[in-house]
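Below are two complexes that have chain A in common, paired first with chain B and then with chain C.
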Partner chain A sequence: MSTLALTMPSSAIDQDWRRVLRWGLICGGVLVALCLVGMPVELDRRELIERYLSLGYVSILLIPIVIGRIAATQVVLEGFESRKQGLFDLVTGLLVGMFGGTCLTLLIVALDSWNLRDPLVNWSPKLFRFLTYENGIGFGAMAWIVTCGLLGMLGAASHVVPTIVRRVSATVVLSLLGLSVLEGAVDDLSEGFGLDWLTDLLYAKKGGLTLTSTFVAGAVIAVVAVLTSGRVKALTTSYREKEGAERQKASMILFVVVAVLCIVLPIFLGKIMNELLANVGLFLLLALGLNIVVGLAGLLDLGYVAFFAVGGYTTAVLTSPNSPFFAPEMHFGFALVFVVIFAVIIGLVIGAPVIRMRGDYLAIVTLGFGEIIRLLFLSDWLSPYFGGAQGITNIPGVDLGFATVKGTDPRSVFYLVLFFCAIAIYVSWRLQASRLGRAWMAIREDEQVAEAMGINTVSCKLMAFVVGAVMAAFSGAVLAAKVGSIFPTSFMILISIIILVVVIVGGMGNIAGVMVGSFVLIGVLGGPKQPGLLQEFQNFKLLIYGMLLVFMMLKRPEGLVPSARRSRELHQEEFLQDAWLKGDKLGADDDDGETVGDDGGEEE
Partner chain B sequence: MSLLEIRDLKITFGGLDALSGLNFHIDEGEIVSVIGPNGAGKTTFFNAISGLVVPTEGAIDFEGASILGMDPSIVTSLGIARTFQNVRLFANMTILENVMVAQHCRTSQLIYGALFQTKAFRKEEREIRERAEEVLGFFGHRLVGYRLDQPAFALSYANRRRLEIARAMATQPKLLLLDEPVAGMNPIETAELTALIGRLRSEWGFTIVMIEHDMKVVRDVSDRVVVLDHGVPIAQGSYEEVSKDPNVIEAYLGRPVEAKA
Partner chain C sequence: MPTHAVETKSAKRLVAVDRFLTFIRVFLVTMIVIGLLAFVWQQIDADNPFARWRNPGARGLTGAQFKGLLISGLSQGSMYGLIALGYSMVYGVLGFINFAHGEVFMVGAMTGFVASDKFAANGMWESNFLLCLVLIMLMAIFFSTFTAVLMERVAYRPLRNSPRLIPLITSIGVSFFIQNLVLGLFGPSTKSYPRLPEWLSAQRSVPPERIPWPDALTFQVGGTRLLVLVVAAVSMAGLWYIVERTKTGKAMRAVAEDKEIASLMGIDVNRTIVTTFAVGGAMAGVGGILWGLMFRSVTHMTGFLPGVKAFTAAVVGGIGNLGGAMAGGISLGSAESIAPLLILEPLGVPGVSQLKDAVSFTVLVLVLLFRPSGLFGERLSSEERA
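Presenting the complex of A and B:
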């Protein structure tokens, strides 16, 4: 592009070929990669619509739709006239999809001709059968090119059709997908509410929606979607646009609703769902602690799992009769006191030497300490005290007098976790808006200046470290009581990483963000060992985590529910521009405004 | 007794003497300007006083007690506050928060008070806020009103400089070190800030040391001027004396006769 001409293609044939080629390659690459990872074959067993559609095919077929949509997206500049979307974009989508289909066809041919099973585990006849519908290469090839092309066009069409059509069809497809993928959860939920008959009608015996129920449910959802169309969107926008006290009030209402749901819902939920919620709670507790350390004070602590381990082992040693060296068989409540004490001590012991380091160095050293703690619990040297690889078993539940909290009753565990989470949320909320919280923020911004402004950075950072440590230790204590046994393998470094991902994806520095993050990652996708709502994706969890993290970093680095401060920080230019567009005076006395004596200009 | 007394201060960065043999004192209520060409060691001098750089040799006494080698936070709590030449605000905190956080060393509430919202905590928070607004109000309408809740990065350059001064004022110092307070300001703003610096002494009772390149400002506010060149003080005295000093003219302009020869 040597010239700066901004000419738009004049006809549908005059395609922007580089764009098509790029997105086509991406589409094909993603499709082939997914196939070789083994996702479609493994998910093929799970039927979504009885006999007609399996999760395996859906996982492949969604790709051209999404990429077709992205490829046909047009950058709209405010104040510039934009080209009307139409046939041109449909052709773009079609070509991109067909390109993806062609890549799959090439894969089919390759599968047929060579055997690369040695490096590529999933290079199997199974994949070949999956891709050809057991109907031979020719049929498979044609089918993929045509379907992918059509689906790509469908994705692109979402830009062309009227908003209402797009919205309703998207709602129908996504709800049906949700209904079928989350069959287990829906079953569990309806049982609690006594609606078994409904699920019996919906789902086939062997799993998956029946064809009739698909159409009926689809129609019902469509009607509902048409009726409520635009309301949900209007509600969220009105929430977003609220400011100050009104916003606070709306947030408060939202918070109360969530809190009430958290208290009431578990009563109706079955074991599986309660177990899932309890896991979400455990990770939320960890994430809230890490949010203080990373989100507020800006200390990148990668060894956070160490405090989780300290909490777990302290509880195990103090409450379990099987503790190898010292078994006082305390009550959980008393043990908690020691959990706090040890968390503080270990927090100080780890924190004191590393806290003077900054940024990357701190991250690496804490990473080391996290592993050291786990290896100490695993070591022969300490195995007389902590049981080494055998861990400590037979940890009793929590006897509350009127009820006992133990792993076999996930509902009670959830309530216990909820209690701790409530405390952690309160603590985070109060500290954020206090002298200490402000000092943490200042340290995060510029440590040297914070020091020069009279903040004792070492002690403030240590306090952040210790508060985070105590929250993690509480989580560890509950884990011990829930699982009933503690092993060094329960505290792998992966947990530190996953909690960090939860905080980042959710929205660093924001309590609501952390809550959403732990629900989406731990609840929907599942924790390192805990299954989530999408149990089928268990084996591909880390892959999805990674993809999600990359996507978020590129597209929404401030997280799903960002704190106002952080989104401002990451979008400074937009913030200033918005203020300027609004006619706010804020940008107006920048530079040129000042030169002409801004006194006259400002006194309005 | 002078408020700040510096004797034989020497700072070496890997063989380079940033400052050598500096003797300096400032009495309570004075406004002293430090001038000198670029690289003369002016900012290093400030860094040494505020504890960001530890001197190689020498003594720094504040109110009769040595502050040599103390942490910057302790120096600040003793009553020395500073601004930075290259404006270093907490950019993502609001204007109000920037000034509130600077009162850290004058307040004491920690975790307990915040969690249980004790009376003492709420009183202190209220006082912090009131004091912050009072300090910001010193700059007229520029930093108050809707601006209180704006992030600091949204401010214009001149306002950022003002906020830096406000932040330093909020630490409730006795001695205020201003590092090029009017750099980048236009003549009208400069004149305005010059007047404010005078008021900082008369109304707030601060003693002020100021690094400045704008000779008009230096002439208008300072009681005394110290000229540094290559880390060595080459002249001291009133503005009139210093401005006629041949050493000073030489440091700024070079040696006219030899240069031609």
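Presenting the complex of A and C:
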């Protein structure tokens, strides 16, 4: 924390060199790592602005901007005098960016002189051509150092320029980026609404915005941004500040809008987009279940995929004519009853032994159970019943009388998923405020205290397991009907972890958060096997998931859309510190119990 | 009166869960006993109806087979032990499971592959194997230690005082990230280590033939396994020396006991924690090389299962207890290689070798059901024992 020295640096040259060096090294490391992972070369195929800019270059160019901005961020502590931001920060950004550029240059030189293709698969002439713009080493080197330096400065400048300029330019850049990156989705949408002419105008034939349309769209967005500046923020704050009945009314309106969109939108969407929405729904269903287990009850269940598998296999065995041992060929609706029964049984069987364990042991043991279930389905021992590695194929869709829900018709699958999601959302919403839900939250916060207050922790925790298991099993059942075949490989531990990321990024313990999380992550990046909107990221999405999980835990453990109670719990110390700095009488007492009680009182 | 009613009601529910747990315990133990008995009967009298009750085709094991299984279990177990040390030390000091420790092991194995591949290409692997071995081991130790220390600095240090599950979730993210970073850097293909020189991998008998020794206690051991056992033993001895006999080790034990008091005594807690991660990482690096030499194949997923099993080993031995971690590793390795044939095969389960991993997870569940503090007792500071 040497940056917080009270003696202020007097000029732009008088930098905190260690800080600059550190962030420069980080910037260079990230850039080189990205190149060696192969992201820019792979993404280079996708053009954003016809012939001028590809997604590959954007993925590299964004790094110095972001890191420049972070490097120039100042920790402002209440009660301390803070330095005015200015030229000093610009120089920091410039130096950090140039450092990153230099690392890239070194990479170019190394690429030219050695061949490390053998262990490093992306050490290729392609990367060399990408980095030098096919113009030779000298040009590449100069270009990277200068561009990265300038971009770093740009990032740092975001602290210096007036708010309105920053906000408008950020809006323009981000919306242009969104417009070009999500070209497929926009195309599909406009086709559904009969607005083909607009997209034809906007996008070039081979993909990417045309140069003119970039400027026109940019200008339009800028004008809109200037006109609406501050309004959006005011709207969200006013929503947040609403209390009681008014808040409920606003939430209701929001909910109705989302619900109507969900029902109406698929009609206008094409096959690919509907497929995508169906996948989002499947994972939302899983995430809602895990949200109850992890988010509300605080039990970190890493073997959650086991329940997904149970749902899928139960449906497969009961409905498919190809089931090897027992094939009653039931209707999907009847099968659902058994899905619930088996989910409850497995939930209890897995839950009972682990319920008394410490939180972290519970995580690993459930992980073990998740693996055991997959290994059992895969083994020769049970293959006469479940088909082993060949799985169970030929699962019929859902026959509704007037229509059949099948994987070939993603729209109907989406409506089926939507139906289950609606149930799950309603159930979670009702549970959250119920006696049981409050008991879960109490257990999450402090198990011993909860027990002392008369909560039966064992049965409450088991209930959480069971409710989560049933939701996951529904999702598995829909998956079976959608895909039409079930294999042990469809239920890797990976899925558990991805759902965990969804829940955590969205916001643990908050239904809206989980919805946002699954839309953003599964919709944009894609599930473990399902492609998302950014199909180019297929090979990198797991890397991004891992990074997101760490980042969220470090910077925003309460998630994108936090639940109020949860974020208070997580930032308890900061609340106390703020109170102490402000010289709050109650906080200064340094008595944890009292202050926490006070905080809780405010919240009611 | 109403309070009384509530009490009995909740007591009843508790009993239901407990009954179920007892049932699970009894069931598992019965299965194990039946399997074992059937196996013993098979060995005594192969045509005994009880031995053939579930599995008519069972033939039992010959002494040589049994010894072979035991040796493979021991060598695999010693690797689990080496990884388990890292889990155990970190748990002892910080009180959370470093889920990404398996990835540290994988980084070691991967480093070993890259280096040994290069050595094999220029012929040094054949001509000067021992030097190569030392070199790749040093490199693996370096990169594993680096990974572990970086991990601590970036991901875990900022979370030192946060609720217990937060660092665990972070470590899952770190593990995921490292796996996929390695996947991106080195590609998805399975990498195979170069073949070991003939003189090393040959079968040897232990103890050597010229020493008079009863045949029944002579083991035929592949040279690679022998190497694994020796290196593991040497590293364990080194670790024991560091922890028990040096000042650094003393600091580590003090920090594990109580961080605050340790810092009051003038111990640099941050530095000690970094040392703990570094030593654990080094052990995992050695384990990675041994894994590569023994199984000769590495992928980006290599760290996952050994990692979880090593954690199991740490729990079996009593987490925080270093000797226990090694003993736990060895017993888990042996159980995993012997138990499927000893217990599951007589029970008539086909394809038992596929259930190896399921067996080790079952061991974890069993240990946590019967003795949550492990076979040799936990060594944790009072605050983390809760």
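Quick note on the criterion: the second predicted complex is superposed on the first by the 554 of 604 C-alpha atoms of A that agree within 3 Å, B and C clash if a C-alpha of one lies under 4 Å from a C-alpha of the other, contacts with A are read in each partner's own complex, and residues count from 1 in each chain.
Following the convention adopted for this analysis, a residue touches a chain if its C-beta (ideal position, glycine included) is under 8 Å from a C-beta of that chain, and two chains touch if they have at least 3 such contacts.
On a predicted model such as this, the values are computed, not experimentally measured, just so you know.
Touch criterion met: A:Leu500 reaches chain C, while chain B stays clear of it. Once chain A of one complex is fitted onto chain A of the other, the partner contacts of A:Gly38 are limited to chain C, with no touch recorded for chain B.
Of the two partner chains placed by superposition, A:Val344 touches none, neither chain B nor chain C. Of the two partner chains placed by superposition, A:Ile67 touches none, neither chain B nor chain C. In the superposed model, A:Asn456 lies in contact with both chain B and chain C. Look at A:Leu120: by the touch rule set out above, it reaches chain C but stays clear of chain B. In the superposition on chain A, A:Gly359 makes contact with chain C only, while chain B stays out of contact range.
More residues of chain A are touched by C (comparison of chain B with chain C). Touched by chain B in one complex and by chain C in the other are residues 454, 456, 569 of chain A. Residues of chain B touching chain A in their complex: 50-52, 71-73, 76-77, 81-82, 84, 88-93, 97, 100-102, 104-107, 109-111, 113-115, 117, 121, 124-125, 128, 141-142, 146-147, 150-151, 153-154, 156-159, 167-168, 171, 186, 188-189.
Of all residues in chain A, those touching chain B in their complex are 426-427, 430-431, 433-439, 441-442, 445-446, 448-457, 463, 467, 565-566, 568-569, 572, 575-576, 579, 586-587, 589-591, 593-595, 597, 599, 602-603.
Residue ranges on chain C touching chain A, taken from their complex, read 6, 10, 13-14, 17, 20-21, 24, 96-97, 113-114, 117-118, 154-155, 158-159, 161-170, 172-181, 183-187, 304, 308, 311-312, 315, 349-351, 354-355, 357-358, 361-362, 364-365, 368-369, 372, 386.
Across the interface of their complex, chain C is touched by residues 33, 36-39, 118-122, 298, 300, 302, 348, 352-353, 355, 357-361, 363-365, 367-369, 371-372, 375-376, 378-381, 454, 456, 458-459, 462, 493, 497, 500-501, 504, 539-540, 542-543, 545-550, 553-554, 557, 569-570, 573 of chain A.
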